[in-house]
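Below, chain A partners chain B and then partners chain C, in two separate complexes.
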Partner chain A sequence: MNKKRNYVIGYLYLIPALVIFILFTYWPAIYSFYLSFFNTTTSVGHAIFVGLSNYAYLFRTGEIPYSPYMAFEYSLIRFSFAFIISVAIFGWIEKGRKISKNLIPLLIVPIFALIFVYPSLSVLGGNVYIFILWIIIGFLSYFFTRKMEFYKSHTILFLLSLLGLYIVAFYIGKRIDLYLLFFDIAQNNSFVMSIWNTFYFVIIDVPLTIAISLAAGLLMKNLPFFKAFFRTAFFAPYVASIVAVSLLWLWMFNYHYGILNYILSWFGIPPINWLNSASLTMPTVAILSIWEYFGYYGLIFLSGLQNIDQEYYEAAEIEGANSFQRFVYITWPLLSPITFFVIVVSLINAFQVFTQVYVLYNQMPGPYANSGLTMVFYIYNTFYNEQQMGLASAAAYVLLGIIMVLTLIQFRTTEKRVEYNI
Partner chain B sequence: MKRVIAFLIIAVLGLASISLAQKTEVIFWEAMEAKLGTTLQTITNIFNKEHPNIDVKLVFVGNGDQLDSKILAAAQANTLPTIAQVYPAWAAALVAQGVVTPMDSFPDFTTVASQLYPSIINMSKINGRVYTLPFNQSVYVLYYRPMMLAQAGLTPPKTMDELAQDAKLLTVVQNGKTVRYGLGFRTTYGVLTAVARQFGGGKYITPEGSLIINSPQNVAALTFLVNLVKEGYAYAKFDYFDNELTTSSVAMLIGEGADLPFDLSDIAGQKDGIEMASFPVGISDQKSPLFRGQTLVIFNTATKDQQNAAWEYVKFLLSPAVQIYWAMNTNYSPLNKTVVSLDQWNLFAQGTSYNPSAIVDGLANGISYSENLPWWPSVIDNIRTAVENAVHFTMTPQQALDWAQQQSIIVQQKYLGK
Partner chain C sequence: MKKPRKKLLYFFYYVAAVILAIFAIGPLVWMVDTSFKTNAEVLSYPPKWGTINAMPSRTLSAEIVKTRAGQNANPSSLSLEALLGSLSTNQQTSLSSPDTLAIHVLGASGYRGTGTMPRRGILSIELMGEDGGFASYSTNFSTPDFNSVVAKISSVSTLTDDVRGIMNSLSQYTSDPQEYILNFYDDFLYGNNPVFARINFISNLLNVNGMMKFQDEISPFKKGVGPLSAAELKELAGILQSALSTASPSDKMEIEKYLNDIDVYLEFNEFYQSQKNKKLSGPIKLAFIPNSNQLKIIDGQSIVESAYTSGDQIYINFKNVSFVWFLNSDVSLTAHYNFWEVLANFFDNYVSAWNSAPFGIYYFNSIFVAVATTVLNIIFDVMMAFAFSKLTFPGRDKIFIGVIATMMIPYQVLLVADYLIIHSFGWINTYYALIIPWSATAFVIFLMRQSFNSIPNDLYDAAKIDGASSWRFLWTIAVPLSMPVVITGALLTFLGSWNSFLWVLIMTDTTNMRTLPVGLQNFIIDSGAIFNQLMAAATFTMIPVVVAFLFFQKYFVSGFFRSGIK
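For the complex of A and B:
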């Protein structure tokens, strides 16, 4: 009885917070989902229900040289090819180490792939039977090799090999690809452009942020002197107002008087037009963003590092492990929950990049050609400047979907490697 | 009992006196920053003094875009002010929502209208009625550095051909590096429109509603600008030009009159400061300035008294005395046509170094930079992107405007529900 009462009291205490959450977080979120099915800027003056057409409008293709289905086919054939050959290469390397049962697929399938890649990508591409055949073979090679070690132990190498072989296949075949089609569509659809820009930013930003903040974390842990100073110094950008920080960087990036170009000039490098070049927009924003956040993530890494039991290091030292080995075999695995957390959080953060662009480029999406149009910028612009609340809500939900899917993939792929039992 | 009665009498008298003395309150949401804000406050104080039964309260709501989004929220929440400054496209959206009282429904509207330039009345029309009236409109002018022109033996260009010629003559190249550009311009929708106006274009939609963004005249104007950049005589970017002016790396600059108190104030007042000239004319061969600014809307959500009081305030803002004071202090164009014939203005124009007559030149023939259409901001975005792409040579002027045309048609069709 007493226990029950305690529960009730506990929930009662939660109610005020819950009410605030519902009112200011969940309700607006739900309402904006509802709004995403309405066209709010109409000739009749009030919002009208339009079903999914806001979503369709966001992904309109405009005039395109070939159908998305065809592009998908070509891309998948290329992927299958890259996958089969990569499996074969890695399988043979592994076979060199120990006996494998899967010799036959490892020998026959790649030969088939090598013989048929040229005809399928140039002549027969678009033929539905060839397409299905490739998928089946790709799937079979996965099925036979799925228990092999290389999937686990050399993921990055394997992915690189996939990418490399994909590019090779791209250059053998016709210039038809999902990636190219995506770029074609982006020229006439600013939302697709914003997805493109955002992914570009994320790909530069997240790995570098993780690498630099891990380095900062290690530095902060191992420094003999000035620990407190460095912790404060690294953390300062994170607590500073992002607008003030961006204004500061605006001057550092300045073409004529900026300190960055001045430093480059010491090494004889000609000045870089950081702020007025479409191709440099996202790298420029990423530099600012990394600088802003590395101290914060560094501190999180530091707390993880301090939680690792010293006994492991002492044992390793007695065994004669050098500092690199200690990092690879002790620090990195035991830090994995923190790394996982930082990857998830920084990825979500990176997808929401907005303020940096807004301030660096004078409230515009980049210097020209919409090169700084990120998804949040698109949402902001559509909502406030174009008053298309329905469309903006739909775009916001697409962003939510992308972030959710990516986070889910991260959870699925990394949960087995994360060592929670420190 | 006596005490109670006495208390009641006092209470009733007290309440009555409060209600009798109560002023009609007009809440004005405005976006006038810095010096503009203080000038508007001075004007409003005079109005409040002259109208003891009206109390206009200025509420500064940030810049124009912030004000627009605040109004958007207020329209949904039914907390609109009495009167507000909005961009023309936004005004059209508010009219479509049915929250705006037309200006032409107020008494003696025709008297007020007859004092304003017809161009101002024309640009305030939405669906054939005058719903709004502007009081802060700025025209595009040509800024130039007088010392630089004098050294080159030039007078300010009067035609577009002369502009191109002078830009070439004023460009200085040292050791293969351009240290001074003849002309600077921002890659905005407004700059293209102001130039296109001189090429017989500058209109992006026909009265019937077909888009003509890639008309030959507009393409010619964009080509003119792009060629100047290509030949190295002009420098174009989206940002403001304060740096280039302080370091003297541009000799002429396309800008708005109202830029003067802001971005150009760094060097205005210096010995080799900055002066204005009327926008050079092109093949159209007549002065045809481009207006840019906000407009006033009175909301029908306010009480009748408040709306009438707001109308009194609008009339006051557009009166010659206020318009001349406003123009002298902010370099916005005076919209009341009697201003130019006043001695006070002529004395000011002659006695002021930066040549204020440029902001009144050809006002009768001006047009607004924006169409009064709720979807126009998207078109502005598309055209701005086209200008950027052309000026940075990622597209030819024709391709860029074709692209903007195609994108804008999609936006228009979405608006029309097609």
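For the complex of A and C:
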């Protein structure tokens, strides 16, 4: 009786927060997923079930200038690419692990294959082809992952064969270049463009953020004096709102009067047209984001560094390890759980880039040619301006899927390294 | 051996730290710096630190409006009434009476453009004569002398065609000396395409047959600013005299014409200068009156009757003195400010930015929403974290993982569905939409659970034995013990709510419900690129969070460390 009463009390404590999570997180997540199969152009109340068409529409390829034969040839080459890349990645992840888990290759191989083969899909007959492809890929990856023992120890071999294949492919098909292929599609399909832009942003933003914030964390840990000052200084940008901060950088990036171009002029660099160049859109946004967040992640790194037992360093010092060695053999491995956390959080954060673009480019997705159209911008635009709830939900789920897959890969790759218990 | 290396290492650490700190704070400092600048300073290159807004005085470059044409009303600076008035007469209507001197303020020295003359403080206007002292003027104009001079210069017949035309047209003003003087100088020196425009006049002179051999002597006069001065013209006349003596008879006529042009001007100019019998003894000092175009006369040098401003012009009405006496004067303008006026100058952009958008409403909304969200968060998150940490019930850990998993879902993914749900509740454009969905945060729950975990279970058991309810234990023991983490959580949710943008943008569409970030974004769109005001607005939207952060920083950081994100 008393036990039951305790249970009830426990649930009562959960109720307020849980109600909020259910109403505004769990239920919307389900509802969004449900909506992504409906066409809501007329009204949400009279949504029409359209199956996977929203997703198909998002990834439509448009006209691609290939004959079916060329497309088939390219598909084959690209499929080989995808396979080798994914097996190489898998081999790298699984290196030293005893039990092979089939989940990862089953995800990675089809994803890479799709990325590579997808550009020529439309020529080869669209959805049917995708279906067949998935079956083939599923079968092959199952078959190969069972023999993973061999690939695990030959990652380098695979990377080399990848390079060789690339050279061959380059000579066979002159337009095998992945970048060009995607560019072709992205010209006709703004969602593919948004994925492209978002990845571009993430690839610039996340590694630099991690590197700079780790440096900031190490500095905050090791400086003997003025620690508090530097801590406050590094953290200050994070406190400001993104709108205000984007506005500030809008001023700093100004072509004629901006201080950034002025500083560059000290080094004899001609002024850069930061805000009016399609190729610089994402780097510009990345500079802003790195500036805004490095102090925050630096503080997280610092908290991790503080938690490393000082005895390790003392022992290393007795052994005569220099500071570089101490970093490589003590700090880096012991910090890996924090690094993992920061990577995941900054990755999720980077995929949500929106406000910076919105403010810097005056509510437009970049200066021209959709060069600043990120995935969240696409979702916002489809939902808020075009009122296509179903399509926006589908796009949102693609974003969620990408984040989930990347996080999962991250979990798997670091699983064995994040076992230190500090 | 070891010590110096360590010192070197620390030196590098500090260099790196300083570079990073400059990277982090530099932009913020630049933002605040820009927010105090004048428009002209913002749009100047290379950018400079500091601003003349902080100075107790500033020199403004200005020029006297010398022609009638220049005194025409600039429609953009007129009131509607004045504009209609000027349209109803004709386009050549002059704003000023013959006794009015107009001074065009170009801007603070080094910066061109309006907006560098705040409408406050005291203006000190120094009218300088050609001799370097203060300018002179006439109080007893002699009309007979004027008539004789005019008769004399009108009788000269050998003139260039230009000057002949001028003299003919001037003859209509012989009854109105003031108008005559004004037009005379307008045609000879200051108007459109005047006779003694430096380059033109010298080039014309060199084109005269026989003058080419004097090129070396004449050409240097091309160098200089403005029209040719009286002294220069006298020198030129000397050269022409000597040219005349050597020229062939056929060329003589042409050279004589130019010589006479100069003589006519010099003759009249001498008369004009001779009429000036009084000298200003010091600068004219005028003070701005708040909310008025009128200027208060502090020191009128006994000739100023009234003064007013319009746009970037200052108009000075004289008592019984015509403004034509100051045509040849240079003007130097200095504005002086007392302490309060300097302060007002300094924060000018803040005041204008605040007044040009409903920032008061945005501010209230931001504070209300952020505080309400934070309070609810603390209550709900503490309860949930406590349940996860200290209470036992079936499914506890599963629910915990379920809650933690929400951290992985970016809220933008849920935006569409959230909007529809909130819409169905009728919460669009209400505070509920901004507060309730954010009143529980998974990350804060996670931090707090970690912290509660570090409180020994024995303590909880002891409290239970003493008869304390779990509720009482939570708020009187557990929360005070975890204060740094609670403050960290509070600060994080406050920051999140204060800086939230996309959510507010979508869930509200009226000014009354919007918060600072969205308000600021609207302000950017509405105001265009006035970066000093934009930076001022950006600065005052940040102040509360910056203050909160600085104030709670100690707890915040220790909360971060205690939470032990592992």
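Miscellaneous remarks
In this section, the second predicted complex is superposed on the first by the 297 of 422 C-alpha atoms of A that agree within 3 Å, B and C clash if a C-alpha of one lies under 4 Å from a C-alpha of the other, contacts with A are read in each partner's own complex, and residues count from 1 in each chain.
In the analysis below, contacts are C-beta pairs under 8 Å (C-beta built on N, C-alpha and C of every residue); 3 or more make two chains touch, one makes a residue touch a chain.
Worth saying up front: this structure is predicted, and the values here are computed from it rather than measured.
Of the two partner chains, neither chain B nor chain C is touched by A:Ile308. Judged by the touch definition given at the top, the superposed model places A:Ile338 against chain C, while chain B stays out of reach. Of the two partner chains placed by superposition, only chain B is touched by A:Pro367; chain C is not. Of the two partner chains placed by the overlay, neither chain B nor chain C lies in contact with A:Ala47. In the superposition on chain A, A:Gly10 makes contact with chain C only, not with chain B. In the superposition on chain A, contact of A:His256 is made with both chain B and chain C. If you count the residues of chain A touched by chain B and by chain C, you find the higher number for C. In the superposition on chain A, A:Leu208 contacts neither chain B nor chain C. In the superposition on chain A, A:Ser32 makes contact with chain C only, not with chain B. In the superposition on chain A, A:Ile402 contacts neither chain B nor chain C.
Shared contact residues on chain A (touching chain B in one structure, chain C in the other): 44, 254, 256, 362-363, 384. Considering their complex, residues 65, 68-69, 72, 90, 93, 96-98, 187, 237-240, 243, 247, 374-375, 377-378, 381, 385, 388-389, 391-392, 394, 403, 406-407, 410, 414-417 of chain B touch chain A.
Against chain A, in their complex, chain C makes its touches with residues 9-10, 13-14, 16-17, 20-21, 23-25, 27-28, 30-31, 34, 42-47, 379-381, 383-384, 386-387, 391-394, 396, 399, 402-403, 406, 408-410, 412-421, 436-437, 439-440, 442, 445, 470, 495, 498-499, 501-502, 506, 516-518, 520-521, 524-525, 531, 534-535, 537-539, 541-542, 545-546, 549-550, 553, 557, 560-561, 563-566.
Touching chain C in their complex are the following residues of chain A: 6-7, 9-11, 13-14, 16-18, 20-21, 23-29, 31-32, 35, 44, 212, 215-216, 219, 222-224, 226, 228-245, 247-252, 254, 256-257, 259, 262, 265, 291, 294-295, 299-300, 302-304, 306-307, 323, 337-338, 341, 348, 351-352, 354-355, 358-359, 362-363, 376, 379-380, 383-384, 389, 392-393, 396-397, 399-400, 403-404, 407, 421-422.
Put simply, chain A touches chain B in their complex at residues 39, 41-46, 48, 57, 60, 62, 187-188, 254, 256, 276, 278, 361-364, 367-370, 381, 384-388.
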